[in-house]
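Listed after this line are the structures, all set down as C-alpha cells.
In what comes next, chain A is part of two complexes: it sits with chain B in the first one and with chain C in the second one.
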Partner chain A sequence: MSSVWFILLLPLFGFLVLSVGSPLPKRAVAVLGPGVVGVAFTAAIVMFFWDYGRHGVTRDAVAYTWIVSGHFVVNFGALIDPLATVMCLIVTGVGFLILLYSVGYMSEDVDFRRFFCYMDLFVFAMLVLVLSDSYLFLLVGWAGVGLTSYLLIGFWYERPAAVAAARQALVVNVIGDWGMMVALFILFLHFHTLQYVPIFKHVPAVLGYDGSTVRIVTLLLLVGAVAKSAQLPLHVWLPNAMEGPTPVSALIHAATMVTAGVYLIARSYPLFHSAPFTQSVVIIIGTCGAFFAATCALANNDIKRVLAYSTMSQIAYMFVGVGAASYASGIFHLTTHAYFKACLFMGAGAVMHALHDNVDIRRMGGLKATMPVTFWCFLIATMAISGVPLLSGFFSKDEIVGSVYLQAQHVGWLWIIWIMLALTAGLTALYMFRLLFMVFLGQERDPELALHAHDPPLVMRLPMMILAVLAVIGGYLAFPGAPNWIGNWLRHSFERFSPVAPAEPATQWASVIIVILTVALGIFAAYRIYYQRRPAPEQVGATAPAIYRLFLNRWYVDGLYDRAVVRPIIVLGLFLSTVVERFVINGLVEGSAAALRDSSRDMRRVQSGYVRNYALSILLGAVLVVGYYVFRR
Partner chain B sequence: MTPDASSYLIISAILFTLGTVGVLVRRDPLIIFMCIELMLNSVNLTFVAFSHYLSSADGLIFVFMIMTVAAAEVVVGLALIVSIFRTREDIDVDQLDEMHG
Partner chain C sequence: MTIHLTAADYGAVLPIMIVLGGALCLLLTDAFVKVHETEIATGISLATLLLAFAASAHLWAVNAGPAFPQGAGAMITGDRFGQFFNFALLLSSALAILIAPPYIRTSHFDAGEFLSLILFATAGMMLMAASLNLMVIFLSIELLSLALYILSGFDRNRPRSQEAGFKYFLLSSFASAFLIYGMALIYGATGSTNLIRIVNVLGGHAGTVASTHTVLSSPFVLIGIALMAVGFAFKLSIVPFHMWTPDVYQGAPTPVTAFMSVATKAAVFPAFLRVFNLALGAESHRWFGILWALAIVTMIVGNVLALSQSSMKRLLAYSGIAHAGYVLVAMSANNRLGATAVAFYFIVYAFMNIGAFALVLVLESRGEAGDEIATYRGLFARSPLLAVATGVFMFSLAGFPPTAGFFAKYYAFAAAVQAGHTELAIIGVITSVISLGYYLRVVVLMFMQPVEAGAEQVRAGPLSDFMLTASVAGLFVVGLVPWFYNLAVQAVQSFFHFTT
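The block that comes next holds the complex of A and B.
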C-alpha cells in the first residue's frame, strides 16, 4: 500500500534536494538525479507484483483529505489499477534509463544540476498525472508536465529558437488545459465531485447515452488530449520542441508526456463509451494525424524532427486504438512505443554527440563502421517501429489495425480508416529506413564532420542496449494466438465500470498480412531509393515537385498558423501597444489628471482667504436651508 | 401690558441681523467678536421667549449651553487675536489672507 507514496515522493525529494543543493558535487547529482527515479521504479515493480498476485484488484489509497466544505470533499489519493501500474512502470522505468543516459549526454553542460532538477520534477508531475484518483489532481499533474516541458525545451535559454519553441509549446498546451478545465467544470456541475470512481459509476445514469452533455465533455477532454499529445490540429509544437536536449525529447516528447492524451482517453473510457460521436472524432483525428505526420517525416532532413513526426504518427495510432474502444491495444502500443522511440532518440543523441550537434541527415552517412553499437540499437528500434514481424511494434500496431479491421465489418466508413492505417504503416517503414540508410549506411557525405565519430560511453550505451532488447521482447506481452497477457491484465481496468468493454479481438490474419506487405514494400522502396539510389532521392522528389514541396513544408500548416493566428495576434498587440495604449489608456490617465488640474485651478479662486467671504457663504447656506423649509409648502 | 411673543422675536431678529451685518462688514476682529456675541445673545433671547410662552424649561437649558460655549469661544478667540497682534502688529482681518487659494 505504501509503495505508491514511495513512488510519488522519491522524485519530488530528488527535485527538492537538487533545487537547493548548489554545493553538491557533480558526481552526487549524477547519482541522485537518476537514482531517485530508479528507486521509484523498484517500488513500482514491488507494487506491480503485489497487485498482480491479487488478480489486479483496483485500490483507492487516500493520503489525506485536503478540503472539506459541507458535502464537498477533496481527497488527495491514488487509484492503483492495471492502467495506472503500467503507466507508472513506463514513466519510472523508461525515465530511469533516460536519466541514466543523460548523465553521459549532459556531462559537459554547465547546468548539469538544473537539468536533473527539472527532470525529477517532470517525473514527479507525470506520476501525479497517472496515479491520481481524481480529475483534479490529474489536472495538477497535467499542468506540471506542461510546465516542466516548457522549462526543458527552453533549457538552453541562450538560444532564441529554443526559447521560442518553449513558448509555443506552452501556449498550445494552455489551449488544451483550457479544454480540460471547462470539461472538469461541466463534470463537477453534474456529479458534484471530480473523483473517478463516483463519476464513472454514474455516467449512464447522469449523462445518458450519447447525450449532448457527454458529447461536449468528451470533446473538451479531447481538446486537452490533442494539445498534450501533439495531434492534429495542435501538433505544431512537438517538432519545434526538438530544440531541447535530446534526453528531454526522448523522455517527454516521445516516451511519456505526449502519451498523456492517450492515457486520458483510456482513463475516461466510461465517458467516451457514452459518446460514440466523440469516439469517431478520435479515430478520424488519429488516422489523419498518422498519415499527415508520416508524410512530413518523409521529407524532413532533421534527424530529431523526423523522429518527432514519427512520434506524432505513432501516438495517432494509439488514438485510433483508444478511439476504437480497443483500449488495451492503445496502451500496449504506448508501452512498446516508449521502448523503441526512447531508444531511437538515444541513438539520435549519440549521433549528434559524435557529429558536433549536427542534425542534418544530408551531411551524415556511413556511421555504421564508427558507431556499431548505436547502429545496431537504432536498427532494432527502427525495425520495431516499422512493424517488422516478431518485433514489439509489429504486435502492438497490428492489434490496433486489426481491431479497426474487425469493426469495419460492421461500420462501413472504418474501411477508409483501415486502408489509411495500413498505408501509413508502409510510410512509417519508408521514412524510418530512409533515416537509417541516410545516417548509418552508404557513403560518408561529410568526412570532416565524422572524423572523430565514435560510440558513446557506457553510461549512454547501456540504456540504449536495454531499450533495444525491450523493443524486441516487449511485443511478446501479447503474442498473437497465445494468451493476450497485457490485454488480460488491463481488462481489470477497462471492465470495472462498463460491461461493454469488448474482449480483446482475436488476431485478424488478413489485416496482419496486408500490413506486413505494405511494410515490406516501404522497406524495399527505402532500400532502392536511399541505399542503392536507383532511382536517386532527388529524382523521386522531382517527379512530383508539388507533393514533395507540400511534404517538405509540412502541408503549410505552420505557415498557415503563422499567418492566421500568430501574425494577427502580433499585429493586434502592436495596435494595442501603439494606438490603444498610447491614446486610450494614456488618454484616460492623463486626461483625468489634466481635468482635475484645470478644475482645481478654477476652483481655487473660491478660497479667497477673507473670513467675511466664508461667513457670507455660511449665511447664504443658512438662508437657503431655512428658506427651503419655509417655502416648502 | 405684557409684550407678546412676536415682540421678543422681532427684537431678536433685529439684533441677529445687526450682528450678522457687523461680522460681514467690519474689519476689526474685536468688533467682529462683539457682533458674534450679539448674534448668540439674540438667539438666547428667542430661546427664553419660547421657553416662557411654551412653559418649558428646555429652552433655558440651551441658553446656558450657549453662554458657556460663547465664553469658551471668546477665550480662544481673544488668545488668537493677541498672538496675531504680537507677530504682525496689525489685526486688520482683510490682511489675514495667507490661506487664499
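The block that comes next holds the complex of A and C.
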C-alpha cells in the first residue's frame, strides 16, 4: 500500500476520533490532534524521497473504482507527482507546526477538542484537494476546505462578527464553487471523464488552441480560483475571515487553503496553456490584486487584517506567476510564502496573546524589549516577505517578476504589469516594515495594555522559530544563477502533458536590481515615517487625505458590494420569502404534501383489520392478475 | 428407487443442517438449563449462525462459475446465488438475535423455544434460497411460515400478538393455495417441477413432445404464472396482497417483526428470481406486465400509506412494502444488473431495516411505548448512540448517499433503465421523495424536538450497542467499498442465460 493513503487517512482518523471522543482528556487531544498530522508529514517525506529517488516520476495510485455508471467512472485515486508532493509537504508540514502552536494558543479555550477536530478535518480535505487524480475529488476537497474554513472562521460562534464573517466567506466561496462546477460539467461533456490524465492528454485535440470552449472552461475555473484565493473581485471575505482564531488564519487563510486557486491553475496548466486569453486575464487580475491589496494593507490598523491583505497581495503574485506560464515560480512563491506568512501570523498571535487579544496596532509599540523571540522571528519573516536579498521571499518573488520582465520583451503591455509588480514590491516593504515598527519598536503607546507582555510558551515559540529558519533558507531551493532545484523538479509535473510548459527562465538581473532598489526605498520610507517620526495615524492621513481615505476604506469596494449586490439581494430575498415562498412555493409544496397526507388517511380506511376483507383483497388481486392473461389474448 | 448421495450433495445442504442442528440443541437447552437461559441460548444461536456462515462461505469458495452444482437429485443447489442470500439470511437472523435478549427477558419468553423457532425459520429460508425445484420451494415456504406463525403469536399474554399469528396463518394458507395451484399447472404443462427442466422445455432445448409454441401459449402455463405470482407476492407483501403486513408486524413480538421483515423477503426473492428470471426468463414478455403493474402500485401505496402512521412498526411495515416494490422493479428488469441489484439489496436491507426496529425494541424492553413515534421526541438527549444510529438507518432507507441504501436503490433503478423501462425508475424516484416525508419525521422528532422534562437516559445494553454500531458501520462500508457489490455480481453467475 502506498504511503499516500496514510497521508490521507491519518488526519481523517484524527477527525473521526476527536469528533466522537468527548471523554478524551485535554492532553490526549493535544497529542492526537497535531500528532496525526505530524505522522502524515513523516509519510509525506517518505513519499517525497521515494518519488525523488525515482527521478520525480509521476504515478497514479488508484485504490479502487467506486462507481461505474455509463461514461461516469469514479475512482478513489491519487495523482502523485512533484506538484502534489510539494503541496502535500506544505499542508502536512506547515500544518503540523501550526497545530503544535495551537496547542499553546488554544489552551485556555473551552472548545479545545472541537478546534482540533475541525483542524484535522481541514487538513484531510486539503489533502484530498491536492492529491486527487480527478476534478471530481478536487471539488470534494474544494468544498471540504470551504466547509472547514466556514466552521473555523465562526469558531467563536457567540461573536456576531465571527458568524457574519463565516457566512460571508461561505457565500463568496459558493460563487466560486458554482464556477468550478459548471467548468466540470463542460469538461465532462467534451471528455466523458473528469480524470486529469485523460483530459490533459487530449486538450489540444479535443478543445483546440484558444477555442471558445477552452476559454470558457478556464475562465470558469478561474472564478473558482479567484473566490478561493480571495483575489479581485471576490476578495472581500478574506480580511473579515480574520475573526477566526489566529492559528486558523495562519493555516487556512495564509499558508494553504487560499493558495488552492494557484494550485488549481498550475494543476490545470494544459487547459490554461491552450487559452492565452485566460492567461492574460489571470495576469491582470493578479497584478491589480497585488497593488490593490498592498495599498489596503498600508492604511489598515488591525494587525491581522494587514497580514490578510498582504496574503492577498502575495497570492496575487503567485497568480501572475502561473498566469505567465511560469508555473514553478508560482508554486515556489507559494512554498516560501507558506513559511513566512505562517510565521508572521504566529507572531501576530503571540502579540495578541500578550496584549489581551488587542489587534489595533495604534495601541502597540516597544514590544521588542518584552517579546524578543517574537520580535526576531517577526523581523526575519518581514524581511523575507519584503524581498530583502538572500531571504526566501526575495528569490521566489524575483522569479515571478523576472519572468514577466522576460516576456515583456516580446509583449508590450506586460511592461505595465512589470512596473506595477516592481512598485508593489516596494509597497510590500513599506507596509510590512510599518507594521514591524509600529508593533515592536519605539515607545509603547499603551503601557497598561502591555504590562504583562511576554514571549509565548515553548510550544508556541518553537514552531515560530522553525518557520523563521525556513523563511531564511527556503529560498535556496532556487538560488539565482545556480541550478534551479525546485524548478527543475516541478518541471516533471509541467512537462507531462502537451503542450509542454516552457522552461524556467534564467535570472533577469536587471529586474532583480530594480526590485531590490524599490524594496530598499520602501524600507527606507517606512523607517523615516514610522520609526523616526512615529506620527499618529491621523497625521499620516493629513498629508494625503483623499488617497489615504481611499486606502483606509479599501477603495470603497466593500461598500459598493454592499449597496450594489448585498442589499438588492436582501430585498429580493424578502420579496421571495414573503410573496413567492408563501403563496406560490408553499401552495405547491404544502398543497401536494397535504394532498398526499389526505389520500393516505383515506386509504387507511381500507385497512379494516378484518381477515375477510384482507382475503377479499387477495382474491381480487388474483382475479386481476389472471384476468390480465384472459383479456390479453 | 435408491437415492445415491455424494459428498457434494451433503455439502450443499450443510449450512441448512447446521442451522437445524443448532435449533435442536436449543430445544435441549430449554429442557436442561434453568439459570442464565437467555444468555446461553443467545450464545448457542449466534455460534450456530457463525458456523453456518462458515459452511456457506466454504460452499461459495468451492462452487465458482456459472454451472449448477446440483445436490440431492437437482432438488437444491449449492450455487453462489443461494450462498449469497444465505449470507443475507444469516446476517439478518444474527442481527435480530443480537437485539432480542432484553425483549425476551421483559416479556418472560422461553428463550430456548423462541430462538429455536427463529433458527427453524432461518433454515426454511435458506432451503428456499437454495431450491431448484418447485416442490422444494413450496416445502420450504411452509417450513418457514409455520415457524413464523408461531413466532408471531408467541406472546401468549398479549391478544394483539395472538391475533397477528392467527391472521398470518389464515391469510398465508389462503395465498399458499394459489401458489401450489400455479405450480401444479406449470407441472401439468411442462411435465416437470425441476426448474432446469422447465427452462429446457419452455426454451425448446429438450426435444419434448409438444412444440415450444404450443406449450407456451397453453392457458396452463399462463394461469400457472399468474397464480404463482400471486403466491409469491403475498409473501413479499406486494400490493394488493399486502394487507396482512401492518397488522402482523405490529402485533408480533418486535424481534420477530425485525427478523421477518427482512428475512422473509430475502428468502422468497431468490426463489421468485429462480422461477421467473431463470425458469421463465426467456418468456419475460408474458409476465413482465404483471410485475410492472404490481411494482408501481406497491411503491405508491406503500409510501403513501406510511405517511399517516403513528406507530413505528406499522410505518416500517409500509416502508417494507415500498421497498419490496423497489426490489420488484429490479427483478422485473430481468437482466444481470437487476438480479445483482436484488442480491445486493438484501445485504443492505438487513443492516438498515433490522437496525430501524432496534429503536422500538430497546424502548419496549424498558416498558415504554416504543411503538409510538411520539415517544422519540428528543431521543438524542436520552441516548445519542441510538438516535444517531436510527438517523443513519432512516437516511439509508430513504436512499441518501453515501449510505449503502442509496446504492441499493440506485442499482435497482439502473437495472430498470437498462431494460428500457425508465418509467419504473422515475416512479421509484418520485415515491422515494414521498418516503422522505415519514423517514425524516422520525429524524426531526429525535434531533430537533426538546426532550420532555424528567425523561431518563436510555441504555441499550452491550449486545444492542454492538449491533447498532456494526449496522451503521456496515451501511457506510457497503456503500463506500465496492467489494460487496462485486460479490453480488459473482453471485448472479448462476443466471447464465443473461446476456447483459
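Convention: the second predicted complex is superposed on the first by the 561 of 633 C-alpha atoms of A that agree within 3 Å, B and C clash if a C-alpha of one lies under 4 Å from a C-alpha of the other, contacts with A are read in each partner's own complex, and residues count from 1 in each chain.
In this text, a residue touches a chain if its C-beta (ideal position, glycine included) is under 8 Å from a C-beta of that chain, and two chains touch if they have at least 3 such contacts.
Just so it is clear, the structure is predicted and the values come from calculations on it, not from any experiment.
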Checklist entry - What is the contact status of A:A615 with respect to chain B (first) and chain C (second): first, second, both, or neither? => result both
Next on the checklist: Just to be sure I read the superposition right, which of the two partners does A:V411 touch: chain B = first, chain C = second, or both, or neither?
Outcome noted: neither
Next on the checklist: In the overlaid three-chain picture, which partner chain does A:R605 touch, first (chain B) or second (chain C), both, or neither?
Outcome noted: first
Next on the checklist: For A:A161, using the defined touch cut-off, is the partner it touches chain B, chain C, both, or neither? Pick first, second, both or neither.
Outcome noted: neither
Item to check | Superposed model, chain A: greater residue contact from chain B or chain C | outcome: C
Next on the checklist: Output check: A:A594 vs chain B and chain C. Expected answer is one of first, second, both, neither. What do you get?
Outcome noted: neither
Next on the checklist: Just checking: does A:V566 make contact with chain B only, chain C only, both, or neither of them? Give me first, second, both or neither.
Outcome noted: neither
Checklist entry - Does chain B (first) or chain C (second) touch A:T65, or do both, or does neither? => result second
Next on the checklist: Quick check on my understanding: which residues of chain A belong to both its chain B contact set and its chain C contact set?
Outcome noted: 603-604, 606-607, 609, 611, 615
Item to check | chain A-facing residues of chain C, complex | outcome: 167, 170-171, 174-175, 178, 219, 222-223, 225-227, 229-230, 233-234, 240-241, 243-244, 246-247, 289-290, 293, 301, 304-308, 414, 434, 437, 480-482
Checklist outcome for this item: In their shared complex, chain C is touched by residues of chain A numbered 64-66, 69, 593, 596-597, 599-601, 603-604, 606-607, 609, 611, 613-615, 617-618, 620-622, 624-626, 628-629, 632
Checklist entry - Which of the residues in chain B come into contact with chain A in the complex? => result 20, 23-25, 32, 93-94, 96-101
Checklist entry - Contact residues on chain A for chain B in the complex? => result 603-612, 615-616, 619
